[in-house]
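In structure tokens below, several structures.
After this come two complexes, each holding chain A, first together with chain B and then together with chain C.
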Partner chain A sequence: MQKTLLGTTLWYVGTVLFYAFLLAPLAILIAVSFNPTAMVFPPQGFTLKWYATILEKPDFLHAAWASTLLGIMTAAISTGFGVLAAIGWQRYSGLLKAPISSLLMSPLFIPAVIVALALFQILFMLGIVNNIWTLVAAHVVVTIPYPIRNVMAQMEGFDVRLEEAALSVGATPRQALWRVTLPLLKASIIPSLIITFVLSWNNYTVSVFLANKDWTTLPLQLRAYLQYEYEPFVAAMSTILIVASVILLVVVDRTVGLGGVKKNN
Partner chain B sequence: MKKPANTILMLPAITILGAFFVVPLIWVVILSFLTSGPTGEVQNQLTVSNYARFLTDSYYLQDLLLRTIRLAAIATVFSVAIGYLGAFVIARAEAAAQTWLVMLVMLPLWVNLVVRTLSLMVVLGRNGPVNQLLVGLGFADRPLQLLYNETAVIIGMVQVAVPFVVMSIFGVLQSIPRQLEHAAMTVGATPLSAFRRVTFPLSLPGVLAGSVLAFGINVESFVVPILLGGGRVRFMSVAAYETATISNNLPFAATIGVILLIVTMGMLGIYQWAVRSAGRSTAVLQAS
Partner chain C sequence: MHHIGVRNIIKNWGAFSALKDVNLDVREGEFLSILGPSGCGKSTLLRIIAGLEEPSGGEIFIAGQNVTLDPVWKRKIGFVFQNFALWPHLTVFRNVSMGLELRKTEKAELYNRVMEALRMVQLEALADRLPAQLSGGQQQRVALARAIVLKPAVLLLDEPLSALDKNLRQDMQVELKALQQTLGLTTIFVTHDQEEALSLSDRVVVMNKGVIEQLGTPDAIYNQPVSEYVAGFVGEACFFEGRIEGNGQAKTLRLSDGTAVPIRGNGIQVGQSAVAFVRPEWIDLNKLDISLSPGSPQGTIERLMFFGQSSDYLVRLGDRQLRVKYKSDGPRLAPGDTVALCCVARVLPGNGAAS
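Then we have the complex of A and B:
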């Protein structure tokens, strides 16, 4: 392609504008967290006092703890069940193969707000409220398609002979599963654990319907602060969350590559 | 291997989806045909009155459903335009830069949506950078109210949807051989017309997929209309939430939910139809 000066300039302008649109708001929010006065950009000075304030907010720390626990439970259950289902589905050859795969993937196509509304309604009717396990189950429902899809995709190019070899030299099916199949699937299991944790950790919609006072998660707590205390310490908390996300993203990219974890939310 | 063992492996996932997803969804559909008594308890009598109320009252039909669809559609148009630009920039970048550019696009997806929406509240706020710019350049005498209106909600939805659109279109752009564009230019096409006549038409499947994805994400937005609409922009998902938890009218909340579900399913249906007929027309093209 012939490169004119105008073309090259337009090219760079377009690139910069695009990334500014995507990322500048986050950069501005980070800058605001160092502003000593108010939630305003550009900052009129530099302070770290808002970061110190966070430690004086027990409800924030509690929410961070709740979100972490919830995220770990969701990641473990969602990935565990998802991996088993994907292996089972791959080997299953009955009439229900197509319907089962539709069922396993269906939470991706139903708006999360409807999943949450439906669960809220039925639990309300059954009188089950304030239960951490229903919250975990709901998070598992909205995250489970991701591990299933990751593992299914990896199993496409899977050599079944490895497992048959294990069986032929006397391994029980259970040993073949634990010693051969699962280690081979590590490349899709680890990103699945991370992605389900991140999805649960960031989830607002499902939690707002189903979480109770004891399990106010981080997104819910942050939203509550926005409503009642609109001060730079909210930006400081956000900055911590942004940094945590960036670290996770880089770790995933460096260890397993981003290919396996495309499209979340 | 024996079938029962395979079924057992799938059982935990199927059980949890059945109990916490399929059964509640069926219950919501049934509930949408029931009504709520004067004290809020659900009456055991099937009726279509919720749907009749929704579809005949312009407060729900015009002001809620059509507004939701309209805002989601406008946001989708902008998301696809901006997303196409991003995808094109990444597709044409050098391989070494590409990894980084993709990672920067994915980054917002990993950040909490409440945080991302908050960042827009700062940017669009009364004393925010956008207002400072508008006043500084003389476009406005004093800071404007940029938050808590439809425009703010649209900007928020575009922000959320763009990374998804970029990834859909980027995949397709990557698969188009650059030689096609070069061939067009060797026979005299300008770079612009080579893009318009060759690359762009071939990338349309990605544009279509990105649009459907963006619309699906936008129409079910929840955090964005709550925070950037500030209670002044009515939206389906928010109305369903408020009707269920604040007004405590469970059947009517179910009706709003089911109607939203029908809209998203309808969109998926249109998408599949479009893909199929697009496939047919390219087949015709190749045959002729």
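Then we have the complex of A and C:
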């Protein structure tokens, strides 16, 4: 197809409009967070007071702490299991290889709300509630496909002879894992840690079923607050959530790359 | 006294048997090659000796000890992989030092031993490089240094030179052999390249379909193969089938077309049918005095191939073509010439059929 000036122009305009549609609401939200008066756009001044008010709201401070802790635990456990699952899956060559892969990926295809409801039902029946571990477990379930997929993709090109070489110079399998395999998988492990953290940090659907007053996460606290108050403080909190996620993703991109599967071996 | 002992080793992959009751003794300080086509089980045998693969049956001895149940990391072996398998995230120095680090070697000694190993392969200047910054030949040397720095009881090499181009491969062959002799390392070298096996080894094992066809010195393997398979695999060979005739010393093989070829070999019995073979360089082509070679097979020269130091004649002999190798100052023959074949073929033991 011949590229015409009109076509190119339309293409650029369409792209700009598309991103505007995606990002404009966020931009407006962020702008509103600096508004000294009310949740209106354009802002009628500039203030950072809404950001400071979090210090006067222990509920939010606690929620931020809960979200951070939950995010860190989710990232560590989800990525840990994900790495092990991917390594094990790559080595396994039986009939169940394909079904296992589908099973591990299934949280991606099942609506999170259904996963959460099912977990809630089971935990309720077992009487295990009011417990951060149920929340961590639930977050792990919905985030684990990402580390598995990342690490599997990198394992695809992984040469087992690199491990055999370690064994041949006297490394036990565990030493070979720590000294050769895991360092080589760094390019998929680090993005996995960040992505699972961000997913956990932003999660609402699963948390809403399983959180309790001790472990109310930031998105839940925000939603609860919104029912009674509608002021720029909410926008400020949202901005914090957005900025934290963006910073993490930029850090990953700058260090190991978001693809996470750059061939380095 | 054997240094590596392979006893009744069997390896089955499901219904496929990769190794069928293999027995082998490797002497201390010996350079032994295992030669065979891909899929003959040579790499599997090497990996079983290393402990990277578990045998389905049989035992492995290294330096007098039964190591069959020992995992790789407890056997005192150095292993060089076909693709070198250098750790891409570690420098040359760390690639070589890993084994010493794992043994908690004292710092100064570790440094000295790593640098000594790197000096042996002429790489001490590149100790801080990453493997990706090295050429293929240099990577090969790092892999060698990594294997020898631990002073292993045996050195196992799995087609280590096949990833290199031809000139580099020849240089590395010389270096490898020199290094092996300096260190006096018992070495098993797996390859599918017959020239490599013949030129480097003290003894050569020829494998076929999971069994050892022949074990012998390079000379014996090349000049006195025990089967058609070995004769054909370790070099070019032209085979003749017929019945043994003659009296006294001079025996000939009477072919089905009525011509006869002089033969030699052990245990030749007149009246028996046999298979004999000739190598391209054993044959003399006689153009002028065909009458002087009565009864010899005759052929027509189809093509001359000039290689510099030698020339090959491709000779049409009935329904087949055979190659005759001459030094380039040999006879001047031209395509179309009719020639008589003058050679003494070697009779293969038994019926010469591949077992």
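The rule is short, and it goes like this: the second predicted complex is superposed on the first by the 246 of 265 C-alpha atoms of A that agree within 3 Å, B and C clash if a C-alpha of one lies under 4 Å from a C-alpha of the other, contacts with A are read in each partner's own complex, and residues count from 1 in each chain.
In the analysis below, a contact is a pair of C-beta atoms (placed from the backbone, for glycine too) under 8 Å apart; a residue touches a chain by one contact, two chains touch by 3 or more.
Predicted model only: the values in this text are computed from it and were never measured.
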For the overlay on chain A, clash or fit between chain B and chain C? fit
Tell me which touches more residues of chain A here: chain C or chain B. B
Taking the superposition on A as described, I'd like to know which of chain B and chain C A:Val246 touches: first, second, both or neither. first
Report, please, how wide the angle is at the C-alpha centre of chain A between chain B and chain C, in steps of 10 degrees. 100
Nearest Cα pair across chain B and chain C, whole Å: 7
Which parts of chain A are in contact with chain B and also with chain C? 264-265
Interface with chain C, chain A side, in the complex: residues 159, 161-162, 164-172, 175, 179-180, 183-184, 186, 264-265
Chain B-facing residues of chain A, complex: 1-2, 7, 11, 14-15, 18-19, 21-26, 28-29, 32, 38-42, 77, 80-82, 84-85, 87-89, 91-94, 100, 103-104, 106-107, 109-115, 117-122, 124-125, 134, 137-138, 140-141, 144, 148, 173, 198, 201-202, 204-205, 208-209, 218-219, 222-223, 226, 234-235, 238, 241-242, 245-246, 248-250, 253, 258, 262-265
Chain B to chain A touching residues, read off their complex: 1, 3, 5-14, 16-17, 19-25, 27-28, 31, 42, 82, 85-86, 89, 99, 102-116, 118-123, 125, 127-129, 159-160, 162-164, 167, 181-182, 185, 191, 216-217, 219-220, 222-223, 226-227, 237, 240-241, 244-245, 250, 253-254, 257, 260-261, 264-265, 268
Within the complex, which stretch of chain C touches chain A? 50-52, 71-73, 77-79, 81, 83, 85-89, 98-99, 102-103, 146-147, 150
